[in-house]
Each structure stands twice: as structure tokens, then as C-alpha cells.
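So that we are looking at the same thing, I have put the structure below in C-alpha cells.
The chains carry the letters A, B, C and D, assigned in the order they are written, with residues numbered from 1 in each.
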């Protein structure tokens, strides 16, 4: 009888299961450099606001750019379906929980108005900001030329899972090498979670990869599809692909960890796992300037046949300035993200994000210690 | 002194502990084929309704067959003990929690009426449906001829644990090779959870194996007997047995993962672990057409000496059509099971269930991230 | 520089983390033999009632013996400090939670009356029962002769941790080989949790070993001392010691898993891990006939300097007959322990407890699946 | 193509995840020796009160020293910013939860009065106590001479993470070898968590190392910075560094596990993991004599830009005498720490703390068994 062949399962880890180990050299946090580069753009803050309708609108994109980061406008959401999106956003914010999924299904069934695509991009550009926009793969051929004509700066192609090779009888899959020829701007593609998928995407010549499928507990992709890889492992795998691609091509393509980060600690861990930048949704949705008026929802929740996700009341906890640069009035890690990253880099003795990729992490599930009622450490203020 | 010999323990995994990894190629979900074959029957939906009195009665079996799946009628339950089962089902639905175990013990102490066996089978057949019926091993010799005479199509022999070889002084154990000779229909046997037990069952010549012992947290078999293997590991082990048996015999015997699935995500994982079909209880008990009127209970709860299980109020959340094919009005994975499976296959780039058996899964306990309050991903709608 | 030498940590497992795997042969539960032997005594039920004041008094010991098991009377508890223990037990049962530790400290500060030791033993013997009594190591030399004179049958020496070799300047440690000479009855000693400690105890010539230090979550030994090994690992280690000792000496010394079992499933797992018998406290404290009147407390809770443990309201859920032999009116595994054990042995295809030691177990934490709201399996009643 | 290079993650463990295994020899707890030495000082109790404003003031330091232990006074806290600290402490105790972080930010923005440094040290010395004081690295050059002049006995340099080599453009990092020359007293430095960081610190010639970064669940360092290593692993790593340094230099530098201990069980585990002493905050804050009036807060909570930590109501549960030496009136391990340590050493059969470093521990997560409602063990009182 042949030896039985059992399927093998690899362990994967999320933010809550790991912690960064400080090193034997420390540096002054003020000396750290956290620049993030994509194409010819350099950002002083490696944080990207997600293409979600509860976060990014024209004003938010301008503000985010002014503060040193980047925001991505969703070209298939409320901003391009409605002349006056604020009314719709207010309606969503006011809907009772039980009615919100049908309401979103209705709101997003309204057609996208092509003229609004150009209008939104131009408004962001007129605000002096770098303008990034996102489209799903199926609509890319239709909307990419419009975005290019309106002079968008960065083009994001994003769906739950996007691969370098999509097979369909009914339509011809998107060919990224062709897209690169047709629009004169850096292309960021996602999402993916594995070494090979990330490597294949990079080989098409694109300029950045978004990492993350079903990372968070309340993202229902994992409940509905069973699909997902926790973000630390996904980021480590895609970072290995980036490094392998650099060795084979000489080209450094940044990876952006997208989703699942609850606080600045998670953000620091994403960089320690290998991220070049992070894409944030819910943390930024708490900004006074976010479009969602204190609410946030997933872009797959309005799916007419297979909705996934939930509208969440995130509340409004401070200005975007305060969330990014403090001072923090709360102690849970939802404010002063930039200082937290610099301090974490300081205790790890690293000057750049690329050095941060090398720091050690340990598996240390926070849930294990949650029985503990309270613990305070004696460490003095100066870090 | 001799080296001490310690017992070894292998790790086993359940649905909540794993996740499917999408692959570097994706396909259009509409192109997937999810057919399930047992004996000479082919089903376009690889979902089987459990032989539980809160799920399957004559009408439900007809509807399930019409929609492309299969339902199994329990020949030792309420349907064959009572001329008018609806009265009894209503009584169970209305009983207060504290009284339900004694009530069920009383209800199931009523003798099985042999004439009702034929009557129920004929009613299902007259409805144009494929008719599957289930019996416990001890009653198989008595009821199998009756089922055969009434022209049932598929015969299921099922108990908590069923083995190819049962030893008893007081009665001669069931010999499956003899049973195969005596009834002219495919036989599905279960439940089992291990490589060797599954392989032994297949070698008796039967046509399908049910996988799962004590899989769910509220199934009290594990509390009462300490016995059980989490479903992902059980399915992977039995899948390895199926593949080994195929190599040794040239015959492909499907395995059916039975129990423990809470949502469409769990269902997708069962297939990724190696299932050819899944048997569902509680998800289908939520259908408007289910026999339990919004309630559901285990078939070992009425045991007069050692009751296991609990009656659960599952509620009625939609039609069976909606649960199987959507559109979903909820986002938690309890509706549109078929679309969810096809989408999961799409992001894994696989065309058939057998290819789905090959996709990678990672160990990624969902409990670890449950402390997270909310997470939404920025992915756009198109999948 | 020398290689750093890190301490190594081995994984240990408790009842909730494992499950028994059914085998490819099943047997009729009625054919199982669950006899337990210690010295020249054979018990038809391998269950021992703990020497705890909320469980065992004279009447309980007689009843337990009559039903085929054994109960151990605590010679240093309420029964030997008070002429009329029922009054004291009622007082404990009625005390408010906040006052119970000081009350117990007071109750147990009363001196032990040597005449009551003889009186209690004689009462048990007059009831026709096998009489087992327990004493802490420090008091063994004083009380053992009294117990022997009163014709006790089995002598138990028990403390949190008891070793074959105790070092003290202030008194000469108990020498078990000497004790064996001085009293003409089998001696059971405990508790221990490791291979070497168990082996050393067996080599002193004693007749049984109690296994378990700080096994349960609410036993505060682990909180107070940090000491403890989960029961499955402790039992497996001590079973390996028993088997090694059998090989070296030809003598089979049974091990008794003591503490941490919540339900019949845990009890079945203890046997699968290698136990020859189990010692139960809280499950039996629920019997109508238990001395604690629905309450239960640890024997280290009254410690005047370092109390550990808590009084628990266990309630009264049935007669001892029903707890041991059913029929069960509840489905959670707290009744019909004997049938549950036989059924578990049946699905594992084993005839004796010693064969049960060989069955496979898997690591399958029940906590992982606790997020699941409900799961029922379709298995029919017959097992 | 080159082999992908994935980052590796090591498992790390905290107090709740391990347990001590008793050994095959036991000893009388009264014979244990728990002395702790640092520099030329010997303490009969290896417990150090943390430099936290809710724990240590002048009176507390005197009492702690009298009882055989040591307390560290924070030279950058309330005691040196306010002539009358009690008023401020009362104000903090009375503040509502929502206002406490801003209040602390305000309280700690008051300048440190250099004259109060000398005054506090002299008061402690006049009380006949060994006087230990702590300062953050950035302020060490400024305050160390003042502390030396006032005749402090032990100097502690402490921040969240302190390394042997700190790099900064704006100021010259603290050089410990220089500091040693300038002040004539033993220097304890921390915190660190890794083998190499601890070894590097010891090589600077200092006299003790504090171990622990973000150990507890409610310490928000891990949430804010993502940085931290659970204490058992951190202690084991630093113990390995201490042993390696002893081999290379012949000098024994003690390590002090700081933070994360909830009860005496955790304290025992810290010693089993390799600690020479422990530093406690919240357990001691419960003393009647603690400065916080039943409240406790972290020294990074008042950080003006990036506050971490929370004020906790710990309550007042007994005198310091009772917390250290009993008798305990509670059973959860928050009182009689010294007896608990001696008893744990007794069941492990070890006479000294250094032997305690050799005992076995197992990985045995307490969370796994938390579903268990209650468990009591039958062990008699004598340990």
C-alpha cells in the first residue's frame, strides 16, 4: 500500500499574534527616515488612505497629500455615481443597522457617471495634491483612459483578489503589460497574499502591490468565501517576493499592506514584516475630515448577490493632523501614528523603513494574556 | 532503564482555524463546475441536506432535489413514527428549553411504523425527486428491504461512528458487502474521521463515506464521550484514504463532510480540505421550507440513556432557493452558498471540485483576531 | 563566545485541548470491561470519590462502594474534627461568599479528634463498604496506626505534591517503604505529575499513584504557586512511568487521574491518556447524597497562611446512581459516566481499560471552536 | 530563480502560558534561601517595588527596606515635581476616568525641582533604608551627580527600552562605563528583552539588568509601538545572557524581571525562568501604604505626545506586610508572596533561587482551560 498523502498546512500569523523585539542599539526617533516611493513620487508619510467611500473624497485626498501621505479615490463608488455625494453619505450614516445592507445595495446600483470621474480628479489636482484613483479589473479598460485624460497621477487596480492572469470565456482578462503602455502613470495592483502571486504581478511591470485578503475579523470575506491570509504572514511572503524580484530584475517594487490594522502598533508590525507603506481604512475614517461622517463600510458590502462586510460606527476622534502627527489624547494607539512608527524604529535602532524590514519579531499572541486584568510597566517617559 | 515511551499527539484543525490561500491565477466564477457524483447520480449542487428531523421531510426532499442537491430522510425519526409529523414538530418547536430533552425522549420512544417508511419514500419519488434515506446500522437489516421495495434511490447507513467491522456478542454486526448484494442502490456509510477507518469502509464496496464525529462546539458528543476530530483534519485524512483507495482499486468513492459548517466560508474550506460534497444541518434548518419550524436538534438528543445535543432556535432567514443561490440579504455567509463556493474557486483559479482539493490552506485561527473590533478591506466589488 | 543556552519548554495539554479518535473497528459497549484493581481489591467502576469534605462522608462512602466504586474519607477534615459534622457543613453551605474563606480557616483550625477517626472508619466498615482514608504526609505517622487498628482497607497519603523523598531539617521525612511495613493495607500516594516523580514513588513499593497538580482553571494552586501540569500530559507521563516500572519490576501499579474533569468526556480522555481509574470531586459533589449540600471546596482553601481554592455552588443535579449509571436527563456529560465510558470504548473498539490506553488522541482545542454558535450532527441515535 | 527568503518568527511565552513542574524530591519550604544580591547589598526578599508614582514614595521605600526588600523612587515623577505630593496624588485618585490622561499630562509637565531630589533621598536614608532611585537615560547626566551627592545607594537608569549604545545627532548618548566612573554606587539598567541587548548592557560593567518591554496586556506599549516580548521568554533569554556573561567574565550580574506579574504564581514562574529578583508595580500598589491611594498608572501615560498606559483602580487589599508575608485572607495569589515562593521552591525541591532557575516548566496556556467552570483538587492542606 502506498504511503498516505496528507495535505500540509502552514501556520500563518496576524497582527495580534506577533510583537517586535527591540534591539541592542537604539536611536533617536527624530533621526528616522520614513519616506515611501512609488514610481517617481516620494511621500514623507508611508500611509495611504484606502479607496473607501467612508474615508476618501476630494477634500480628504487634498488634505492627506498636503500632510505628506496619499489618498486613493474610489472611481466606482459614491463620488462618481452622485453629483452631490454628501447627501448620500448622510443618508447612509443615518440608516438603522438592519436597513444598511439593502440601502447600500440600492445606492451602489446607480450607474457611474463618466463625467464625474474627470471632475473629481481635476478637483484633487486643483487642490495641489497627488491624485491616485482606483478601479476594479473588470472596469479598468473603460475607466483608465478617462483617468489618464484627467491627469490622475497614480492608477490603482484593486479587487478582493487580483492576479496577473485572469481566465474568462466571456471577456478578455486585463493584461497589465498592455495597461502600462496605454496609461502614462505608475500602476498599483492588488490584492494578493502569496509569494508567487505577488511575484507574478511584479513581473508584469507594475509599480506597486497591495497585500491583504480578508485580514480583519469583521471583514466577512473569510466568513463568506473561507479565503484569507493573516496580514503578517501575507506581508512577509510578499516582501520575500519583492526581494526576489529585486534580485532577478534590479527593480524595487514596493508592497503596501492593506487592511487589518487597528492601531499604531499593528502599523509598526506591518513595516517590521516587510511593508513599504500601509493602506488604512478604519483608523482614518475616524478623522473629522473623513467622508463617512463617523461611519465606515466595506466596498464589497453593496454587492447585489454576495454582500460581504458591515457598516461600522467608528466615531470621530480627532483631526487627520492629530491622527497622523498627534499630540495623542488617547493611549490606545489610534493617534500619532507617525510618532509611534518613529519611536518603534528608534527602539529597534533602525534609520529607514528598509532596515525596519530586518528587525526580529516573535510570535506572542495578545489573546493569551487577555485574562490579565491590568499591568503597567515602570518605564519612565523618555523613549 | 528503558527509554520512557510517551503517547504522541497529532494536531488536528477545524474550520475556524484555517483559511484558503488564493492563487496566482484567477478565473471567472461562472466557468466553475461543481458537480457531485455518487453511484450513477450526478448532482449540480454538491450539498446534501442532513437526515435530521428539523431539516428534511418529504416536501423539503423534493425541493432540494429540484434545486440540484439531495436531501436524506431519516427513517428512524418523526416522519416514520407519526402519521402526522407536523403536529409533533409544532409541539417540539413550542416546548420550553428545560422541557425539550424529556419531550424528545418521549417523542422518539414511539415505535417506528414500517408502513410509513414506504409511504414517505413513495411521496418523495412521486415528487420527481431522487430519494435518499438513512438508517442506523442496528436497524439496517430490518429497514433496508422495505426501502428497496419502495424504490428509494440511495441508502445511507449512519451512526455517530460506523466502522467496517462491528463486534458484538448479542447480534451479528452489519456486513456491508452483504448489504450491497441485498439492495440495488448506492450505499453511503458514516460517520468516520480517520484514514484507516475510511479506507476500510471503502474496501467494503460502498459508494460514499460521511466524514465527521463531534465536529461542532455545541454538539455534545465531545463533551459526553470525549470523542471527535475537527473537520478539516478529518476531511483531509479521509480524502487521503479516498485517493489511496483510488490508486489501489481504480474506483473513486466520494467523501461527504458532515457537520460543523456555520457559513459558506466553512463550506468552501471543506472542499479545499478534500470533500466531494457537504452535508448541512443547521444552515438548511433556517430555510422557510425546513421541517423544524425554525428549530433544530441533534439525532442523539432523544437517546433515552445518554442524550447528547441541544435543541437550537435557528430562526427562519430565507427560502431554500435564497440560501443556495441568493441573492443574499445578509453578509455573514449563511446565504448564496453556491455563489460563494464558485467565487472561492474563482480566486483560487480552479475549474472543478477536484482541483479545489489541491489549493493551499493556512492555519490561521479566527479566534486570535476576535479582539479586533472592526476591519474592513478596501477591495472593490468585482470579484 | 559560547553558544547561548536557552531553557527549553515542552508543550503540555489538558482535557479541553484533546479529543479521542474513534477507530476502524467498533464494539458493542455492553461487552466492555472497566474493572479497576488496587492491591487485592477489584472495583467494577473505576471511579473514586475524592477525599473532600463536600463529597465524602460515611454514608457517601457506603453508597459509592455499594455501586461498585470507591470513596476516600479525609481523616483531617470536618468528619474527624466534629462529632456532628452536618451542622458545620450546613453552616458552610449557608455562609455568604465573602465570608467563606475566613469561616473555613476557623472551621479547620479545630483540632482533629483521634477517637473520631476510628469511629468513622468503623461506621463505613459496618456499612459493608471498602473503606479508604486519606492523610497528609506530615500526619501519616500519627494517624496511620489508628486507621490500621480500625481496620481501614486502603490508605491514601495525599498532599499538593508528594515525593518519594522529602527533605526537612525539622522532622524526618516520611519513608514509604517503612510505612508499608507498619500498616497491612495497600497504600496510594499522590499527587505527582511527572515521569520521574511517579517512577520514584512506585519504586517505594506502594500500590497506586494519584496524578494531578493544579489541573483545573479555578484551582488556585497554579495562580498561587505557578505550579501545575495539565492533566492529559501529566497522565501520559505517569502512564509511561507505570509501564516502565512494570517492565523493570513485573509489578503493575495503577495510576489514578485526580482532578480537572468536568464531564464524562474528560473522564474518557483520562483513560485514553493512560489512567487506570479517575478520582472525581466536583462531579460527584452534585449528587443528592454528597456531604456538601450542593457546595464544594478545595482542601487547601482553609490553609491559615496561604489559602488556595474557592467554595463553589455545584448544585444538586441527581442521585449518585443517576450520575454513575443514568439515565441522564441532561446532555452535557455530567450524568451516566459509566455508560459514556463504555460507549467511548465501543467506538474505539476496545474491550478493556488497558486497551483504551492505546487509542489515538489528537490535539483539538475546544476553545478554538467556541465562537461557533451551534452545530448539530446528523448521526442517528444508535451508537 | 533563487529560493525565497522568508522572515522567521520564534515563539515567545508569557506568564499565563507556562507552568512549573514539581520534581521528584520535595523540601521543607522553611529551609529555602531566597536572598537577592546586587553590588554589595543583600536583600532577604527578592522583590523590588517599581519606580512608579502609585507605589513608591519616601515612606513606602523605608517600609519596603525594613521588610527585607527594596523600593525604587522615581526621580522624575510627582515626588520631585511637587513639594507636597499627597495633594496631587489625591487629585489623580479622584479624577474621573475620561479626564485622567490630560490631568496626568498636566501634572507631569510641571518642572522637576532639583532640591527635592536631595530631600527625598535624604528622607529615605534617615529612615534607615537602602535608597534606590531611578532616572531616564536622557536625564541621567543631569540628575546622577545630585543623587550621588545625596548618598543614594543604588542608581537605576530606566526607559521603555535602554540599550548599551544609543545613537543621536542632537545629544551624546549615555555611556554606562563613564557613568560608572562618575557615581560610586551600583547601577541597574533597563529595560531590555533579548539575549544580545542584555549581554551588551552587562559588558558595560553595570550591576543589574531590568527585563521586560510591554509585558502586560493593558500596558499599551504593545498597542502603540507594536514592541514587546512576553516575560517568560524575555527572562529566559536574558538569563542565558547572564550565564554567558558569567562564563566570559566571571562576574554574576543579576537580572530583575519587571512587570506583567499578576499574582504570586507569576512571580514563582519568573524565578523559574531565570530571574534573580522581580520588580512589582500593581501588586504592591494594593498595599495600604502605597502612595497611589488605591490607584496605579504607567509612567508613560503622561507622555505629552504619545501617551501609553491607563490609570487602574487596584484597590487597597491589605498591608504591605500582609502582601509580602501573609497571612493571606484571599486565595488568588495576591498576598503572602514570599510564602508562595518558598512553597513553590519546596515542591520543586530547590534550596536557592539559582537552583530554582533549573526547574522544568511546561507550556500550558491557562486560557485553554478557562471554559472550565470550576475545579478543585482533593489535596490536603499540608504542603
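Assume a contact is a pair of C-beta atoms (placed from the backbone, for glycine too) under 8 Å apart; a residue touches a chain by one contact, two chains touch by 3 or more.
Everything numeric in this text was worked out from a predicted model, so none of it was measured.
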item	value
Touching chain A and also chain D, the following chains	none
Numbering shared by both copies at the chain C-chain B contact, with half separating same from different	different
Chain whose average C-alpha position is farthest from chain A's own	C
Gap in Å, rounded to a whole number, between the CA centres of chain D and chain B	55
Gap in Å, rounded to a whole number, between the CA centres of chain B and chain A	39
Multi-chain contact sites of chain C, meaning residues that touch two or more partners	13, 366-367, 370
Listing of all chain pairs that touch each other, if any do	A-B, A-D, B-C, C-D
Interface residues, chain D side, partner chain A - complex	1-2, 4-7, 9-17, 50-52, 72, 74, 76, 101-102, 108, 134-139, 158-171, 191-194, 196-197, 199-200, 212-230, 233, 258-260, 262, 279, 281-282, 296-310, 312, 314, 365-367, 370
Complex contacts: residues of chain A adjacent to chain D	13, 18-28, 30-31, 195, 232, 236-237, 239-241, 243-244, 247-248, 263-269, 272-274, 326-333, 336, 339-340, 343-344, 347-349, 360-364, 366-383
